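To keep things clear, I will list the structure first and then write my remarks on it.
Order of writing sets the chain letters: A, B, C and D. Residues in each chain are counted from 1.
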Amino acid sequence: MSFIRQYLSDVISGVKSLLTGMRLTGKYFIKHKETNITQQYPDNRQELFAGLPDRFRGEVVMSHDDNNEHACTGCTACELACPNGTIKIVTKFDMTPEGKKKKAIDKFVYHLELCTMCNLCIEACPTSAIKMAQNFEHSVFDRRDLTKVLNKPGSKVREGVE
Amino acid sequence: MLQDVIEAGNGDMIVNVGPQHPATHGVLHLVITIHGETIKKVEPHLGYIHRSIEKMCESLTYRQFIYVTSRMDYLSSHINNHACALLTEKALQIEVPERAQYIRVIMDELTRLASHQLWWGAMAMDIGALTPFFLAFREREMINDIMEETCGARLTMNYMVPGGVMFDIHPNFVQKVKEFNAHFKQKIDEYDELLTGNIIFQNRMKGVGVLSKEDAISFGCTGPTARASGVSCDIRKLFPYEVYDKVSFKECMATEGDSFARYVVRLEEMKESMRIIDQLIDNIPEGEIQGKTKAVLKPPKGEFYTRVETARGELGVYVVSEGATTPYRIKFRSPGFSNLSALDHIARGQKLGDLVAMMGTLDLVIPDIDR
Amino acid sequence: MFSLENITNLVSTWLYANLDPTWALVVQFVIVGVLVISLFSILGLVLIMMERRVAAWMQLRLGPNRVGPRGYFQTVADTLKLIVKEGMTPDGADKFLFNLAPFIVMIVSMVIMAPLMFAKGFQIWDVNIGVFFITAVSSVSVIGILMAGWASNNKYSLLGAMRSGAQIVSYELSAGLAILTIVVFSGSLQVSTIVESQADGWWLLKGHVPAVISFVIFIIAVTAETNRAPFDLAEAESELTAGFHTEYSGMKFALFFLAEYVNIFVVCAVGATLYLGGWMPFHIGNWTSFNQVMDYIPSSAWFFGKTFFLIFVIMWFRWTFPRLRIDQLLNLEWKYLLPISLFNLLLATVIAIMGLHF
Amino acid sequence: MTREELQSRISEIAPMATAIEGGEWLNMDVAPADWKNVAKLVRHTAGLDMDYLFCLTCVDWKTHLTMVYHLTSTTHRQTVVFKVKLDREKAEVDTVCDIWRTAEFHEREVFELFGVDFKGHPDLRKLILPDDWQGFPLRKDYEDPINMIKL
């Protein structure tokens, strides 16, 4: 008899455990309006971008002010700090009003396709010329578009930044 | 196909599982010999995602190579970074401020929780239940949001720097972590309801893939895999780093060594991680977040070894320094590599369906194995 | 009251009045064929949509929501994609069997529809061994699956097909025994008679414990027979990638896929007919007014309502449970379901002989 | 067990191992021919029970290769590091995978990345690299113009 009792209690406890699971999924099925966690991505772009935290690392940008001036002196600290060779700085020599030669950046080349967003260049920059932007939509049709020049054309170093 | 079977002569069939297979979670390639449904041999072929991180690190400075290690075990990237940061601190004897230590430990435990949640969902998917995956991701998303706010990235954070952490915690951090803990404490019961108690699940897990204590030690298994076999190997307990000696937590152990024990140990570990976070989150001391370091880090000549407990087991970093800015030789002793070596041993004689369950409970992350 | 019976009678009378009997029969065949094929495709679309919604809602998701209003045309778009996709035949495959297999599976699931009673008086073929016909024909589909697995010349497919063979053959036993319980109660194999016998109450309610037990066993067995999770070992995604249809693509894959869903519909329709009274409305004893209200609901609505309820239950299983292992699957059948259903059949026979059921 | 005790204990049972100064743990130097014996002794001697090989690797010193074995005991928790100097041209050492099973995979990894031949290894094949790979990538003189990108 004990064999049959064991057999029956096995069956009953097994069925019970299955019903416990079904109760949970059933609950989610009925309350699906409250429980769903889907974000409808392209539709919610506006809120998504507004909700991105300030520290989110999307790409490296160089901040320019209204006079089209930036703070990059071309010291190549970021280039040295970068583990992947993402940043290449091309320098040129400007003439200061006093007639002296002064080193300045010609092009700040940034290879987005190599960048791992590790933030080491931002940490290394002594003048806070570059920062991370909150953008994650990087896909392009031509990979050459991923190589960017960060300093705007005609921009120059802000006065007083050494 | 028939030709293979005839040539084997005894009805054995060789099946390639992977590198593209739904159950291998990546590009693991297993060549298995089966007789009917019974496994006779499992032979892993690796290297499909081998990037030779060890060679790469030889040309990166001590500040730079930390980011690469996030790409090893991408589910516990914080802990990998932590190991490398600890190594540099040990070599140069850098004092880490207490605030940074607290933040590091909280981040480690959050990472462990996130990793175990993903494991739970993925393992359930391996054995055919698809709903748990979404429950796990619901909670994991909250951790990812916390990480995003404080560290700036969701998966490969690169938040640890030699001497401390990169930024201070976000003002919302404490609040959000508390919210998450309260939420997850309720939801972890659903995990039991949906899967742990389920009779089909228990039958699939119990007595399957038994790894004895001696074998676990001999195969060098660590982490929950070894603890389920009764091997005490929690680095956080044995060789406490940072503030792990100040918090009270239990080393989750089991003795059965089967898939179900590994499952239970991981679930228990999630609860312990929550306990650790509870103890630390209110007591983060004020102060600096980075210790004083030189701009160029040049460890002295010698050999250094650090061990940390990642979500999968013991991660060892062995560095040979020649006094230069880059390591002369670096070796990552990754937990997954050793755990994988036990797969052949525990899978023999089991059914094909169990192989998937075993791989699920060993919690293999392929980039961690291949490095 | 709205009934499909009037329409079918009208069509039949009109045909026999205007054509000679042979041609009338041929025209009837054509009409039935067109109806079955359209039902086949409509069922496929509806059930796939339903499955995706049920799955999504149980998994905290939204489900399809991009094609058409609230995503309702998603399956149509998927079908279009499958039609224009290249149907490849692997080089090493047995080409004839490989191409034949999906059609066998599909034809089987179409043929089973013949004795089903979709509404009052709406039945293709009221054969006197209707229930037996269904069990007999449904076992043919395993040949299609074995054929697909063997002809693909792929190890995963072969393993899946062999699993499927073992599984379907064993689960047919308890499904058959569960059906036999109701046959014992109603004393007939004819579908229309079985439905008639439930005019005063469904067998599930008036058949005492044996009916309930056999209903549970029937649901488990048909879930296994249609290769649905938690018994989806034949296509166990995480073990055998896609099992017996790994090598199929395009429309040939779509036929397997459609046949799976139509099979679910058929077995659930059989379950609804046997246990839940088919098209019979729900009546309670002598609550005359209540019974009259129930009678106003069309019989087809009753039938499809019950069937879709059972389909929902089977989908509920799928999105909750993990998969069984092959030896556990066979253990469940031979150690639990078969002894229980044999014992249950004995009990049912005793009850039927003593006339103890209501 | 302190470092000194451990050192004297190991020198007692295995005199062919000589201690090296420095390092976090006790470092001992062993000749390739003696290594297998030393390994067996430290694994099976009561009181030592070095049952857990937690790291096995190789270092290329340009003049020679050094195998590094990190051993610990799960019962006594003492750690010792064994170093075996190998000839760079003809790198050969006995396998220890019959003593610690974890060595099976680690030795295969070292075999293909450093070109160390482990005598007696049951299944010494390439594990990570393709079967037709030439050269040993983790050696310092390895050059590969295609796959190595110099910054």
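Assume a residue touches a chain if its C-beta (ideal position, glycine included) is under 8 Å from a C-beta of that chain, and two chains touch if they have at least 3 such contacts.
Everything quoted here is computed from the prediction, not taken from an experiment.
Colleague: Write down the chain pair with more C-beta contact pairs when A-C is set against A-B.
Modeller: When the contacts at A-C and A-B are counted, A-B has more.
Colleague: Taking mean CA positions as centres, which chain lies farthest from subunit C?
Modeller: D
Colleague: From the mean C-alpha coordinate of subunit A to that of subunit D, what's the distance rounded to whole Å?
Modeller: That pair's centroid distance is 42 Å.
Colleague: From the C-alpha centre of subunit C to that of subunit D, how far is it in Å?
Modeller: Centre-to-centre distance between subunit C and subunit D: 63 Å.
Colleague: So the centre of each chain is just the mean of its C-alpha atoms; given that, what is the distance between subunit A and subunit C in Å?
Modeller: Between these chains, centre-to-centre, one finds 51 Å.
Colleague: On a C-alpha centroid basis, what's the spacing between subunit A and subunit B, in Å?
Modeller: Centre separation, subunit A to subunit B: 24 Å.
Colleague: Where does subunit A touch two or more other chains at once, residue-wise?
Modeller: If we look for residues of subunit A contacting two or more partner chains, we find 18, 21, 24-25, 37.
Colleague: Among the residues of subunit B, which are close enough to touch at least two other chains?
Modeller: Touching at least two other chains: 131, 134, 138, 194-195, 198, 200.
Colleague: Hunt down the residues of subunit D that sit against at least two other chains at once, touch-wise.
Modeller: 151
Colleague: For subunit A, which residues count as touching subunit C in their complex?
Modeller: 11, 18, 21-22, 24-26, 28-29, 32, 35-38, 40
Colleague: Which stretch or stretches of subunit C touch subunit A in the complex?
Modeller: It is residues 54, 56-62, 65, 316-317, 319-321, 336 of subunit C that touch subunit A.
Colleague: If we count contacts the way the header does, which residues on subunit C are in touch with subunit B in the complex?
Modeller: Residue positions touching the partner: 55, 58-61, 92, 153-156, 158-159, 163, 229-230, 232-233, 236-239, 241, 319-328.
Colleague: Can you list the residues on subunit A that touch subunit B in the complex?
Modeller: Listed in rising order, the residues of subunit A that touch subunit B are 13-14, 17-18, 20-21, 23-25, 37, 52-53, 55-57, 81-83, 116-120, 123, 132.
Colleague: Would you mind writing out the residues of subunit D in touch with subunit B in their complex?
Modeller: For this pair, the touching residues of subunit D are 22-25, 51-55, 57, 59-60, 68, 70, 74, 77, 100-102, 104-106, 109, 127-130, 137-138, 150-151.
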